[in-house]
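All chains are identified by letter, namely A, B, C, D and E, in their written order; residue positions are counted from 1 within each chain.
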Amino acid sequence: MPKIAQAPLGMSAESTHRWTENYRLTTQDSGRLFLMAGDQKVEHLNDDFIGGRVATDDADPEHLFRIASEAPVGCFATQMGLIARYGMDYSDTPYLPKLNSKTHLIPTAQRDPVSLQWQSMTQIRDFVRHSGLKVIGVGYTIYPGSEFEPTMLSEAARLIRDAPAMGLLAVIWAYPRGQAVGTREQDAHLIAGAAGLAACLGADFVKINPPLNTAGAMDGTLLGEAVAAAGRTQVICAGGSETGAPEFLQRLHEQIHVGGTQGCATGRNVHQRNQPDAIRFCKAIHAIVVHNQSVDEALKLLSPNT
Amino acid sequence: MPKIAQAPLGMSAESTHRWTENYRLTTQDSGRLFLMAGDQKVEHLNDDFIGGRVATDDADPEHLFRIASEAPVGCFATQMGLIARYGMDYSDTPYLPKLNSKTHLIPTAQRDPVSLQWQSMTQIRDFVRHSGLKVIGVGYTIYPGSEFEPTMLSEAARLIRDAPAMGLLAVIWAYPRGQAVGTREQDAHLIAGAAGLAACLGADFVKINPPLNTAGAMDGTLLGEAVAAAGRTQVICAGGSETGAPEFLQRLHEQIHVGGTQGCATGRNVHQRNQPDAIRFCKAIHAIVVHNQSVDEALKLLSPNT
Amino acid sequence: MPKIAQAPLGMSAESTHRWTENYRLTTQDSGRLFLMAGDQKVEHLNDDFIGGRVATDDADPEHLFRIASEAPVGCFATQMGLIARYGMDYSDTPYLPKLNSKTHLIPTAQRDPVSLQWQSMTQIRDFVRHSGLKVIGVGYTIYPGSEFEPTMLSEAARLIRDAPAMGLLAVIWAYPRGQAVGTREQDAHLIAGAAGLAACLGADFVKINPPLNTAGAMDGTLLGEAVAAAGRTQVICAGGSETGAPEFLQRLHEQIHVGGTQGCATGRNVHQRNQPDAIRFCKAIHAIVVHNQSVDEALKLLSPNT
Amino acid sequence: MPKIAQAPLGMSAESTHRWTENYRLTTQDSGRLFLMAGDQKVEHLNDDFIGGRVATDDADPEHLFRIASEAPVGCFATQMGLIARYGMDYSDTPYLPKLNSKTHLIPTAQRDPVSLQWQSMTQIRDFVRHSGLKVIGVGYTIYPGSEFEPTMLSEAARLIRDAPAMGLLAVIWAYPRGQAVGTREQDAHLIAGAAGLAACLGADFVKINPPLNTAGAMDGTLLGEAVAAAGRTQVICAGGSETGAPEFLQRLHEQIHVGGTQGCATGRNVHQRNQPDAIRFCKAIHAIVVHNQSVDEALKLLSPNT
Amino acid sequence: MPKIAQAPLGMSAESTHRWTENYRLTTQDSGRLFLMAGDQKVEHLNDDFIGGRVATDDADPEHLFRIASEAPVGCFATQMGLIARYGMDYSDTPYLPKLNSKTHLIPTAQRDPVSLQWQSMTQIRDFVRHSGLKVIGVGYTIYPGSEFEPTMLSEAARLIRDAPAMGLLAVIWAYPRGQAVGTREQDAHLIAGAAGLAACLGADFVKINPPLNTAGAMDGTLLGEAVAAAGRTQVICAGGSETGAPEFLQRLHEQIHVGGTQGCATGRNVHQRNQPDAIRFCKAIHAIVVHNQSVDEALKLLSPNT
């Protein structure tokens, strides 16, 4: 059964109440989170939005908002600039502004990755007040092992303490990367360390890449170390690049029921489909994550006749 | 037909009103922007203002203000220092202070480009209040792919959230550049990524260099990816180095009507002409951008007898 | 006999009162400190919590809190994120938030060590007020000899002046490290220098690695220089990697009674045991540190029948 | 005829009034500025104050104040530390604190030049209020082309916007320098670019090194480009190393009447003379700069019997 | 005869009064300063406090406070951490907190020296208010010629402007050092430059290393250039490593009466002696510095029977 998290300590009664409301809203009262990840327009520039098997719908950023609005996602994570531009037309969606982002132009071989905070928490607070949107939390990426790790840990720790004071959740994207990490980016033990690090920072949820076994395949049992290491911080897995729906849902189910994760963060697998397909795919994810259904039940929701 | 933008979310009713007024003023109620770019005295030092075919008028910075004052430009973008020195005599011009600038002395081969914010937004606000000038927004250049990208993205994101709170628009100059970009600076797909990045930052307009095809020529159809990727952030193309008027206007018309851009940012092509020619040239640009006229109609405005 | 410290100068009467209460609480009125160190989930990621002879209990961060709650530790030092997440269920434990932490991914050969402050002292103060927890002080690690030494000394000095103003103690982890230190990390004279440096920063307690003699073994007499150099700042030794209980307790007794230290900081030797063993082990440590008992008396407490 | 500058925009009526008073005071109602430059005790350490043909008077910093007090200089530019130490005895002198300075110890071959702001503008404001001195403005040096250019441009731009708000003028020392500039430091076109850059920053006056022709000699006609590029920002030339008086005054006259500069900044040529000679030399400079006299008239003032 | 300094300009009447009181206290109404330097526990770690001919008393930091309390020193300069820990028992001593310090672990060959400010001036002010100690000023070390010179000059300049506003004196330790300085660290002309630089920063006193002649020996006549260059900023010489008393006092007398210095800063030569010897030695120094006595008179005070 999913764990229901308690609000972290250190905030006023009012903030605790708002945090709890946001937690219930984004986990849809299930304790599990279906985060729709839409930060790739910075992280991968336009590579994820055009070409190959990507639906033509995806060329327009509004595609992301249409999906998030009509599909049962727990929150839609993207950059503040887009939220401020489209939020007025999609005001029912729970939003999670991603506070730092970088492009992928500089390879690790040239320089270790670094991604700095964009908006201040004061700016986020003012935005929430003036926009009236359902902003349920904030997101931030750390790269443990990067030479710029100290700056990112410091920024993350500070905003994570400010977030609950504003009633907001904090989600950490934790990706070991850099010259010192080398090819170990998806090593189960290292990823477990990153998950524990996020817990020490105070994240409510930590998004990790699912670890791979020595054959390079995902294996739900490998997630156990990370889930344990994260303790009361809840683990969600990144979806990765586009995958066939049955395989994706099977992996997701295994992550949750074998690995013990508390949800998922899915981006390209959702928005690279056309709008109707994407919405159906979200419904299937939602069935597994929030309604605790089986893969077979979820797969039925993919049919256009549903 | 041009798109009419909505004010971004996250500001008070009063700021929204002021933003809307500024948007209407600078787009001349057309939804399209004719930005006169005059930041080259820092970006290129005196190279653009003397020698060769440059009109002798251009040696004096006041030339820029005379043109901007008498020609139907949507706004004149230049550094605060010049605005503070000439604005009292050209108080009807809509101004867009360019908040960061760098010289071109250091080649990319020596070090990746970096341009830092000059004035704080508080200083801009105080200037607007005391000067009484029509300051309609602020501008900032980012270099995606530079090793200094994180600092520039952070500065840009913060000022873009402060700008609407003061009723100001934000225009981002987005130029992929640096060791990691190499010769791909005008690649259509990379430029589309940069346009989408500016949208994620929250820019109202993004100024890009028009992409070139494999033969090194501009091709309006290549702009479509960037215009789509930018979504509700509107794309304007930089004018580039001095070009013959018919070719320039033809390209501009193609950018708008084939590529789907919402205006242009023109600098050297305007101010390197003498004052009467520059003003006539602006009228021709204005005809295409704001009045949606044909190239032939615009060309007629270039005649000294007009 | 243990020294009883006086509150440092420079705070209000109320803060002095609170500092003294915290000092008495954490030293259990003995003047000696048994600090349970639990910052390894960042410093060593998951390496200390799984595998080999590590008890399976240790995979879950709550293990640390269970031990700290039931064992007679003077304080439990860990990152704020964990305290905020578990403190509501373990509210009797005296806590010492560790304010900076880094991973061990980057070897010194790649770059000198640097660990930056995570939360601001204002955030700590707000946390204390809202949480109601017994936060008795703050911790910070310095690496004398690192190329980043200046930044860490500056951060440490500032927070150490802020801590007593909030009634909090300050504990400095002082580890000479970096290219310039090389293999001298556990040289007695250099460690004495580091202890004196911590005194100059104003630390109440300084945690050092016990110096080794030329044969690579601990020798309590080597501690004398550090204890003298630290003056009124009290020296506690790090416990190091897991060791057999008799040897550990013998060394601890020697550190205190030969070396003149005022306590110990123990982490892996405690939490890598299962819960009952860990609690018994803490009782043995407590007997030596706080009750001034002999090694034999302490060893008796390790029996499961106690 | 000299140009009389208008106050820049963006300040309150009271600040505008104070700026105008300061401008009239320092230009002695002439619109031209005779700036006595005395920042070399940092920029060149003691090299300019002892040895060779330097008058022994110059070993004592008070020499600078004695000259500035008794000679008709428009302002005396030096570091705040000296002004605070001698100002009480020389309270009639108009002062211009030089806000950044560096030594010349590090050659450009080792590292590009960088000079950071010393005092904050708030500290300057407090000093002015408490001291009662006639502080008419502030000075700052930029090195276009240095790898540290971005930081210096940002500092300069910010203090230049703060200065008029306090009624103070801003003088920029603009010296292209660095690996990317190489031997072009006194190239006329590059210096014109630097003058234009200072105008874009908002400087009231820009101090440049007079450009040299291909034979390495000063040529007043080469100044025209810089004077034009600076627009309403007024150009003054640095005096350079000690020169014979007739040659110096001839060059100054040529800079003003051929090159169009609005004054001069003279340091070593003044203070390396003994006090009576220095004062007479200043009177000669003053005659040319402020009273618009000929070189012959100015030379007469050098006679000890005058 | 000693010069009596005036308070620098730029502070309120009350602050001026407090500065004057502090100046009289620390110079013992003589205009000359006997600064007891005790910052070596950071600068040299434990190297100066143990071994060789160092008295065993020196192993304990309290030794410094005992001497400073019982000997007629003008002020005792050390780090804030020690002052806060021992000041309650030695409350009559005038203190000068040294605001920056670094260890000597990193050789200049590895990296140029850099020492950053530890406490903010606000923290110093709060400490003074709460502690009630006689804090008469603050100290800061600059390394002209280091690649980190700009940061240190900026920090120094800012705190020197804040110090008098709090009634505090400012003492600058000025040591040319770094790759660009090489072996010229004790060159008379370069040291004179450093003294003049400290004057430009606004130091009340500047501590320099006495210059050496080409034979590597101290020569009082070489100090003249520095004393002149410093102007109203008063020069005191560092004492250097331990020396025989007669030679030390002879050199000190020469520095004052030949070189024109206004006191001395003595550390190791004092505290490396046992307490009675150290106090007698201080009395001898005091006789020369404050009472203007001869070396012979001073030497008599070294006798245990005095």
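FYI, a contact is a pair of C-beta atoms (placed from the backbone, for glycine too) under 8 Å apart; a residue touches a chain by one contact, two chains touch by 3 or more.
Worth saying up front: this structure is predicted, and the values here are computed from it rather than measured.
Asks: Which is the least count of steps on a path of touching chains running from chain A to chain D?
Replies: The distance in steps between these two chains is 2.
Asks: Work out which chains are contact partners of both chain C and chain D.
Replies: Looking at chain D and chain C together, the chains touching each of them are E.
Asks: Note whether the interface between chain A and chain C is symmetric in residue numbering, meaning over half of all numbers used appear on both sides, and answer same or different.
Replies: different
Asks: I'd like the Å distance between the centres of chain B and chain D, where a centre is the mean of that chain's Cα atoms.
Replies: 35
Asks: Which whole number of Å gives the spacing of the CA centres of chain B and chain C?
Replies: So the centre of chain B lies 57 Å away from the centre of chain C.
Asks: Which chain B residues touch at least two other chains?
Replies: In chain B, no residue touches two or more other chains.
Asks: In graph terms, nodes being chains and edges touches, is this line, ring, star, complete or other?
Replies: ring
Asks: Beginning with chain A and moving on to chain B, name the chains as they sit around the ring.
Replies: Beginning with chain A, then chain B, the ring reads A, B, D, E, C.
Asks: Note which residues of chain A are touching chain B in the complex, please.
Replies: The touching residues are 39, 41-42, 45-47, 49-50, 59-62, 78-88, 101-103, 105-107, 110-111, 114-120, 123, 126-127, 130-131, 133.
Asks: Note which residues of chain A are touching chain C in the complex, please.
Replies: Counting only chain A, the residues touching chain C are 6, 8-12, 144-145, 147, 149-151, 153-154, 157-158, 160-162, 164-165, 176, 178-181, 189-190, 192-194, 196-203, 225, 228-233.
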